[in-house]
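Note that the chains are named A, B and C in the order they appear, and that numbering of residues resets to 1 at the start of each chain.
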Amino acid sequence: MDSNPKGNIIEEVTNKDYEFGFVTDIETEFIPKGLNEDIVRLISKKKGEPEWLLEFRLKAYRHWLTLKQPDWAHLDIPHIDYQDIIYYAAPKKRKELQSLDEVDPELLDTFNKLGISLDEQKRLSGVAVDAVMDSTSVKTTFQDTLTKYGIIFMSFNEAVKQHPELVKKYLGTVVPHTDNFFAALNSAVFSDGSFCYIPKGVRCPIELSTYFRINAANTGQFERTLIVADEGAYVSYMEGCTAPQRDENQLHAAIVEIIAETDAEVKYSTVQNWYPGDKDGKGGIFNFVTKRGICRGDRSKISWTQVETGSAITWKYPSCILKGDNSIGEFYSVAVTNNHQQADTGTKMIHIGKNSRSTIISKGISAGYSQNSYRGLVRIAPDATNCRNFSQCDSLLLGDKCGAHTFPYVQCGNDSSILEHEATTSKISEDQLFYCNQRGIGREKAIGLIVNGYAKDVLNKLPMEFAVEAQKLLSITLEGSVG
Amino acid sequence: MDNTDNIPETLKRRILDYGDELLKRKAGEDTAKVTTLRNEALEHFSQNGFPTRKMERWRNSKIIDNLSESYQLYEEQPSHDRKDFCCVIQDFDTEVITMYNGRLADDNILRTLDNGIIIGSSRAAMIQHPDLFDKYFGSCRTDEDNGFYDINTALWQDGFFIFVPANVTAEKPVQIIKLIDNVNNPLIQTRNLIILEENSNLCIVDCDDTMSNNASLVNSFTETVIGENAHLETYKLQNLNNETVFINSNTTKQLKDSSLMSCIISFNGGMIRNNVHVDLDGQGADTQVYGLYLMDKKQHIDNQIRVNHNVSDCNSNERFKGILDDEATAVFNGHVYVAPDAQHTNAYQNNSNIILTSSAKVNTMPFLEIYADDVKCSHGSTIGQLDEEAMFYMRQRGISKANARMLLMYAFAAEISNNIKIDKLQERIDDMIKRRLKGELSSCDTCVFHCNTPKEYNFEIDLSKI
Amino acid sequence: MLFSIKNLHVSIGGKEILKGFNLDVNAGEIHAIMGPNGTGKSTLAAAITGREGYEITEGEIWYKGKNIIDMSAEERANEGIFLSFQYPVEIPGVSIQNFMRTAINAKREYQGLPPVSMVDFLKTMKEKQAMVEITDKLQNRFVNVGFSGGEKKKNEIFQMAMLEPQLAILDETDSGLDIDALRIVANGVNQLHTNDNAFIVITHYQRLLDYIVPDFVHVMYDGRIVKSGDKNLALELEAKGYEWVKGLMG
């Protein structure tokens, strides 16, 4: 059989446009535009939240008021009027849903178009999906199977009701509301998201997955994901996202928190494909996301893999706090920008535990008029002896109007750790292109081939379901970018 | 925190007051351009003040926290007898400029050599050659975020001046010996100007030494213009006491097919900040910036290297290496910028560090900012220790642990000193590196070249056998 | 006639390299082109295969009844022109298998055929690998990355076998090969040679021609052919050296 089934994907791609950009015609429930304490209270009330969570939100909101939108990233962010955003939009529910049959067929159709089937097919392929649309979790498949293992995987909202003690214990412990402007905003207005808890010693037998979609106009999406792997637990978690094509920009400010206890391992994979705006830079999602994991226990491991192809502007640094001794942090990233997209993305590896290790592989690809920056911090605390970091951040430029930038920050505070950082910037060589041409492969296909090869080290880290999609996306994103 | 915040404020006020006074006093002497720039700089400084830790390029700087409010802003003419520090390197003949606390200390403060080269005091150059001076003074670009440039431009009194006319190759290197005898806790402003007209060649050896153990702030600013197809080599040797705060700023503008080879060796110094800013403004320009720092005790070194590829077909190569002992701290921020359409750029940047103790710290930030696609740019940075395996290998061959360490450190450092093109100078500097690594080279009260001990220094082991 | 070059003039960056080159090749023939370094042999290969930057200022290249000078490199490849590169480039991350499948399907698409099935493809791969004694392991490596000189050339011949060209140009295929690799490469070529295809073997030395026996030998100097003959010309050239060629120029 084919030992490399991912290989041939490029030629299957025919659709040059953003293919997920349809607006689903589903009745949506909005709250008024703008942000104030009443709105925060209203969101909390809509969700029937307990008092402590409302307090959490209000505290965050009050702190947010004292903050300024950060401007240190290599991004040109247009003015955002935070009072012109709808902070809560949910598909209207007629009643509580008990099974998939009761979910709005049009909604199901949407997810089918996205390639996320919420039905038996996924059961066969072993993926549990929680789909979040315009901030509200629609349905989590596979509840029963997971319950058998004691695994909790449900919408954030449900988790607040069913497992308040767990949510309360972990919420905001990795990304406190004071962390940054967007984290404070999210903490005040988050509407839903996914919650996942893997109990001690359990190896989650299936991939868990959340699909996010922004549907309604003028809305922001502020989901919150919390993943806890208790001692010795393992989980592989995938996140995907899409949004319809719209002329105006939409805000997405999410938080993901991951906690890995002693000997636990969490593998988090994202394929980010928010609407990037049109070829002139009109519209598109502002993707300002705070993702962070803590390796709290010894020998724990958190691995981030991201393929970033969408969004008009991306501001995102999935990070690891390596607190436990011998803990491991990994960051594998492919970030593609085309047309007028801007991305400032990277990671932070904070080594606190002894013998902790981290690996960073970042592959940036810029085309069109886009700007693509890697920004990363590796910090070794004075007591974190015998740590090891290796970082490799490569940039590939396609076209002479784009930019590729690398901003690494490397800090070492002891004499037993070793840190290495290397980076190269290059373009696809004419020799490589001609070699492909001479074998009958046209320019565009050759570029797809070479770019996928360039990103291979990262794509290989993705679960199979995602790898195929990611490869397609890479090629689609770059189509038409090279003359 | 609040307490220390006031020091820059107080100092700032003193500097502004002094600047106003100076402007009046110098009105007759300064050229029009110098007056204008002094005014602008004062204005800019009054608005922006000293850099703060909140600024990206000053975030890790210890200098800001260690300013003193009582620096002497001005000293009268130097009274030092230059015979005290006559410097000779065997077989290394140089044209010497000596400076004492930022002022020319030679009898003849500005001299024109046979081939038309002018060397000496920048103040004298301004007075005697106002047109030439004004043509180049203030013509190089600088970084916006550095208040020390403003202070220098506003308050400078003297410095060195070197002019090499077109088609002239300087026969001898120019050696600048700058001594600081900081009895009165001075703020020393040195303003230097180096001009190489087209097709000229020059080598500069630039030594900074302290003669006492008192505190001072040295704020040196050198502008360099390298004309078409002109070539400059510059070696900076910094050997300062542990109380000195030394800000060494260099901004260079390179025209077509010119080359710069700069090597900064920091042997000692309480706090050193090297700002190196190179604008590659002409195609075919080539720049090599090397640095070596050997820091111990509580010493702090901060190298800020900015190379702008503003046009196509230029090369740049940055290599900085450092060894940190005791509680020393090092900061490296390299920034390579490649402008849109600056195609066929080759840029390389590397910073390697060896940390010898658990209390030394390194912060390294090698940045690339690239807006053109047909480029070859790469960078690397490492922080680590001496290679255990190499250590063991040598010890297995009977070399003592201490010597093995020394050899490895020397080999690490020699990668920088190997780039020195003048053999005699390289020998001398290698010798100093060895002494420094052995702890025998401390900040001295004579010139960095140790003329009193011309005997070459050797380790117990023949290096060639390794 | 399969292939014919008429009065070809090619410049690189304004400098004329080929200065009136003529060559006629019939199906079933093997032509060797020999000549000293810098005489335009590799430029000829690049001009035939449509490499950018090689400006054809005069002349025609006829292949299967069409003048191909306006065709893109990939069109020419899909028409059946193959170049075994003197210096095959490395393409990191792209496996040979993936690369070949993409190439074969590009050709099939050009011919209006559906993509090759995975089963057939793998079967062909296996067959053709055996022809140049390539182990399975090599196939999963990235295109030319970390290959030895011999492996790179074997890989070129393997790709030629996969793509079944009608006109194959071997550019200095013998350079950097030890005697075993040379034998393997030559065997591959001889097996692929039929009455329907033709080979142009560009080489510096006579050695390769002991293994791949040419029907015609052309000596090239200063951008054109200065002498043609049968295989004995190669021996004569080897014996007399390239100085002799300069003499021919008079």
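Note that in this section contacts are C-beta pairs under 8 Å (C-beta built on N, C-alpha and C of every residue); 3 or more make two chains touch, one makes a residue touch a chain.
Since we're looking at a predicted model, the values are computed, not measured.
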**OP:** Assign the assembly's chain-to-chain touch graph to one of these shapes: line, ring, star, complete, other.
**Re:** line
Original post:
Can you name the chain that lies farthest from chain B, using the mean of each chain's Cα atoms as its centre?
Top reply: C
Subject >> Centroid distance [mean C-alpha coordinates] between chain B and chain A, Å >> reply: 45
Original post:
Which integer distance in Å separates the CA centroid of chain A from that of chain C?
Top reply: 48
Subject >> Length of the line joining the C-alpha centres of chain B and chain C, rounded to whole Å >> reply: 57
Subject >> Sequence positions of chain A contacting 2 or more other chains >> reply: none
**OP:** Going through chain C residue by residue, note those that touch at least 2 other chains and give them in order.
**Re:** none
Original post:
Touching two or more other chains, which residues of chain B qualify?
Top reply: none
Subject >> Of chain C, residues touching chain A in the complex >> reply: 49-53, 72-74, 77-78, 82-83, 85, 88-89, 91-95, 97-99, 101-103, 105-107, 110, 115, 118, 122, 140, 142-143, 159, 163
Original post:
Which residues of chain A touch chain B in the complex?
Top reply: 72, 74, 382, 385, 395, 397-427
Original post:
Which positions of chain A touch chain C when the two form their complex?
Top reply: 1-4, 7-8, 10-11, 429-432, 434-443, 445, 449-450, 452-457
Original post:
What part of chain B is in contact with chain A in the complex they form?
Top reply: 56, 340-341, 343, 353, 355-385
